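Next up: some structures, all given as structure tokens.
Both complexes below contain chain A, partnered by chain B and then by chain C.
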Partner chain A sequence: MILGVLTISFILMYIAPGDPVLALVGDYYDEDTLAQLRHQLGLDRSAITQYGIFMKRILSGDLGNSFVTQRPVLDDILEKIPFTLQLATAAMFIAVVVGVLLGILSALKKDTIWDKASIIISLAGVSAPVFWVALLLILWVGVYLQWLPPTGYGGLKFLVLPAIALGTRSLAMMTRLTRAFMLDTMNEDYIVTARSKGLSERIVIFKHAMKNLAIPLITIIGLDFGSYMSGAVLTESIFGWPGVGRFALNAIMKRDFPAIQGSVLFMALIFVVVNIIVDIIYAWADPRVRERLVDR
Partner chain B sequence: MNKYVIISVLMIFFSCTGKSTEDQINLVFYSDPKSLDPALATDVRTGRICALLYDNLLKFGKSSQLVPSIAKSWTVDKSGTIYTFNLRHDIHFTSGELLTSHHVKSSFERIMSPDTQSHRKWLFKSVDGANVFEIGESNNISGFQAINDTTFIIQLSEPFSPFPGFLAMPAAAIIMMDTDNQIIGTGPWILKEWIHDGHLKFFRNDNYFLGAPMSEYINIRILPEALPRSAEFITGYLDILEIPESEYLLWAEDPKWNPFIHFNNELNTYYIGLNCSRPPFNDVRVRQAVNYAVDVEAIINSINNGKGILASGPIPPSLLADNDSPAYGYNQEMARKLLSEAGYENGFEVELWQGSSRELLMITENIQAQLADIDIKVTIIRNDWNMYSQAVNQGKPDMYYRSWWADYPDPENFLTPLFESGISIRRWTRYINPELDNIIMSLQKETDDEIRLSLSIMANDILHHDAPWIYLWHSQTATIVNPALRGWSPSLMFNAEKYLTVWKETN
Partner chain C sequence: MNKKLYSHPFIITGFVVVFLLCMMAIFAPFFQSPIVQDLSSRLQSPGSDSHLFGTDHFGRDILARIFWSARISLKVGIVASTLSLVIGVILGMASGYFGGKVDTIIMRCTDIMMGFPALLFLIAISAAFEPGIDTAMIAIGCVSWPSIARLTRGQVLSVMTRDYIQAGKAMGYSHIRIILNHVFPNCMAPVIVAFSLGISGAIMAEASLSFLGLGVQPPSASWGAMINEGKDFLRVAPWESIFPGLAIAMAVLGFNLLGEGLRDVLDVKSKS
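Up next, the complex of A and B:
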């Protein structure tokens, strides 16, 4: 699958309009410099030769050097992964904790003001574009209230706003999912039984009801976490967060082929890894999946 | 216990939101510099960083003049081909090594070496022996001569008057390589940290030959979006901010901020390039007609908030000692008359290409509407910069919106790279004029300032008449600074500022 992704990305880059060398030389250049650069970067070779060199390099673990910065692409991506991981984890944490709690509150207080507020929040969260949420947070929390720095990175205080902006959509999805699930589940026989045994409502909800919510939640977490890791471009750009998404976008704008290929490879790997982890968690969380695996 | 956890978390979030207490100047770039290697410096950001880390033989002053830097003085012989530089003998690299003329020679030869993959080889193409060195037939450039530690001679193969300006460009920085092949400079600042796409932090070089900078640190943030940059400035996390056009009135009309806005007439020209190689713009009357048809002053007032000088030709007036011809001016009647003479009384259809920015679209849509008034139907094509740039090179657009910013403050920089026939036909408007080529060649060789000025005025007048561009404006930048900042004022050239005497007053 990864090889397929790399091949497609190579073909797309090859046929896409634009000239990487033009992004390097600025406005004032001579034709000799252009020709030399094309030769040095291997862009004057045939597509098949370029593809062969590219695959050979990738298979030997070398992502090459950026056309623009001449730094190794692998070093650049490795530098950015911790930032992206930090942001993705924080966004997911906020989405899960707040989203599930809001969903539970909404279900338990059905048709009250709490429920309506929760529905409005989740509707707004699903509908609002991430850049709009981000700009509102910067203006209100960063500029008017001055509770937190508007942008930047380097500690918990810098993480809050971008994590909220990025996680809002997942939060809304989780609120809706949890609410629907709780409304269905709270009248199930095993919940009634648990209550009749005299267990507290907290234990009934978090120990009995929530267990079955884990599977759909994990599905959403897996999908969203994968996409956060591979391209929170808007959030990263607005908050000046030096993550993988911005790196990939800059590479595309400058036709920096090695950096684009490195980014695509990273994103494909992330989706594969996250899917494997999600499958493992499925097996751990759902005895039926476990049994099927054992049967096989 | 829960109570303590909540209080601790709140303390982490809210107790540390204060600004840095360090003696630090906080700046912002829109995107990362390409590199710290001067050989790769083709963008403004890398040029600005190079100014902090390195020094050149000469440097740009606050305006267009060249001032001594590593070279205490310099002379040029009568033939205009031999430059002799007298170097200071008290400059040390940050590694401690004394700078000599041998470092100058190796720095310049490095630019021309194929191994460096520099994009600025054209700087030294006119130096004697550069061509044989470049193709590997010589192991040094004979035109670079380190006579002794403090005397350096550059011999050109033919006179080229703008050459001293090249020596102040970022790529001509004097560097040395350490044993790990890392670049070391002599500049007033030393890089402490670089998080790519995040920030660059520098600490001052206490041994700088002109004295240590007054501030201890410079921190440059990388923020691509305009609103967050403004938010950072308002909240005190930035000290200098170039005001985006769309926000200008908000700042200018606020009495709290207005006194802290600085204006700078930039050395640039904004224009619409016209493809002169095919109809309709191969007819000079059509080109003049579109110049008359666009009310540039109205655009400057409505979109640029009145900031900018009307352009009458490609060369900014400050480089012509204000002897430029009057701008075309808005005259729809004249535009119709010229179109009619050229046989286009019913107008025509053309494509106007631009980059992807939305702010540009406001300008091009305005021009589109104005040209529609004389029956010229303009279709705007937006593309990302790379595709757009390639299309312009290939001569696809009938018209294209663009600007040219000076690499060095010389009229020649607004002529050769844009209008010299060999370059123009391959890259830009496809405008060919042997008479202009001759003037450009004379301008390159002439050393007398008076004659150079008259040649520049002549070239500007020819281009004004022949109108391969719709001449728009020379822009004016508004920059707002932290009220506590002292010692800063805008510079004409992007790499002139070294932040030596910039500091923040604390209460």
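Up next, the complex of A and C:
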């Protein structure tokens, strides 16, 4: 899959109109300089040769130098990846914890004001654009209430607003999933048995029902991680968060090809790695999957 | 099913919202042009001086611009969603019907496309080619087909086991005839749902691109671009960003509710 992603990103950059060398030299240049730069970057060779060189370079771990910063793209990305992972993890944490709790509350208090409020939150969360939620958070929490810094990077307090903005959509999905799951599950035989044994409602929910919620929840997290990467492009740009999302957007705006290809590769790589981790957690969480793996 | 269709709360609410959206698009010409500037009445707050939603930093009426933008959002939503539907359904049908190598190749391409962060791909296409509404529509259509292809493939696989398909094959019908007359009509339900949900996704994607300056270009009005222009005046004129955002949320919610309601009524389960 990674090879496919690389090939598409190469084709896209190759067929794109405009000369990246012009973006590099600025306003003052002569034809000799352009030709020399083109040769230096390998842009004067055939498409197949360029593709071959590109793949060989990437597979040997060399992502090239950024046209803009002149630094190795790998160094730039490795420097920024922790920030994006930090943001995505915090967003996921907020989405899972708040989403699951809201979903449980909604299912247990079905048809009450709590249920309706949680349905409205989940519908609004899925429908509101991430960049708009981000601006509203900056305006109300950062500017009017002054509870948290509106933008920038620093300690934990700088992380809260971007993480909420990035996690809102996922939170809404988790709430819906948990509510639907709990409504189905609370009438199952094993829940009735647990209740008839005299267990407290808290133990019935968190020990018996929640164990089975883990599987669909993990699935959603795995599938949704791609949207965290997309959301990071917008969120990081709005909040001035120094992650790969903002780096990628800047690279695209400046037609910095090596940086674009590097960021796309890393985002796809994160998506693949997260899905491998999800598969491993599946085996850990679901005894049926575990047994099937052991049998093989 | 008809009774259920007309009484489902999601469908009714979704339909009302989508109807309002269409009315906004139709009646936009009755409002002031979205590009007419009036610098003497810039940054007027909502409700003041016959500007119900206030004015922006060029003195343009926000309500009028929101109405005009509905045209663009609906256009992008419908065209992009149709494009992704055509690509997705053709590839999904071919994949499920022919199986074997065709299936493997199409599904691998689908996996690759799904591995791409969608917005990043959209941004790259829009930045590489000339940004504008046409580029945005084509880019969104070309990026959104994989989920529809998977959905259609799943549906085709389940239809292929039915007796009437085997009967068609035994009668010597051509592949095209079997696909068009027997497979396609039986895959329609999830495709209708995917189309409705696809429109809301396309509206959101266009808004995101325009917010980044890669969609509809100024001075044309688009909800995403309006939020982008308004963000520099967030402290002094928050209404510049708040109202267009509400419009996006309303449009996306309307099509989502319609899609979810149809899914319920048509009893569609995700087969991807």
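Rule of thumb we're sticking to: the second predicted complex is superposed on the first by the 290 of 296 C-alpha atoms of A that agree within 3 Å, B and C clash if a C-alpha of one lies under 4 Å from a C-alpha of the other, contacts with A are read in each partner's own complex, and residues count from 1 in each chain.
Please note the rule applied: a residue touches a chain if its C-beta (ideal position, glycine included) is under 8 Å from a C-beta of that chain, and two chains touch if they have at least 3 such contacts.
Keep in mind that what you see is a predicted model, and the values were worked out from it rather than measured.
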A:136 touches, of chain B and chain C: first, second, both or neither? second
Touching partner for A:69 - first (chain B), second (chain C), both, neither: first
First (chain B), second (chain C), both or neither touched by A:60: neither
Chain B versus chain C as contact partner of A:1, first or second or both or neither: second
Which superposed partner A:9 touches (first chain B, second chain C, both, neither): second
First (chain B), second (chain C), both or neither touched by A:128: second
First, second, both or neither for A:248, with chain B first and chain C second: second
Partner chain(s) touched by A:30 [first = chain B, second = chain C, both, neither]: first
Partner chain(s) touched by A:196 [first = chain B, second = chain C, both, neither]: neither
Chain C-contacting residues of chain A that also contact chain B: 17-18, 135, 138-139, 143, 237-238, 253, 255
Interface residues, chain A side, partner chain C - complex: 1-2, 4-5, 8-9, 12-13, 15-18, 123-124, 126-132, 135-136, 138-139, 143, 226-227, 229-231, 233-234, 237-238, 248-249, 252-253, 255, 260, 263-264, 267-268, 271-272
Residue ranges of chain B touching chain A (in the complex, touch as defined): 12-14, 16-17, 31-32, 34-35, 37, 40, 42-43, 114, 117, 119, 121-122, 125, 195-198, 221-225, 227-228, 231-232, 234-235, 237, 384-387, 389-390, 393, 404, 407, 417, 426
Interface residues, chain A side, partner chain B - complex: 17-20, 22-33, 36-37, 40, 68-70, 76, 79-80, 83, 135, 138-139, 142-143, 146-153, 155-157, 160, 237-243, 246-247, 250, 253-255
Residues of chain C defined as touching chain A within the complex: 108-109, 111-121, 123-125, 127-130, 200, 204, 207-208, 211-212, 224, 227, 231, 234-235, 238, 241-242, 245, 248-250, 252-253, 256-257
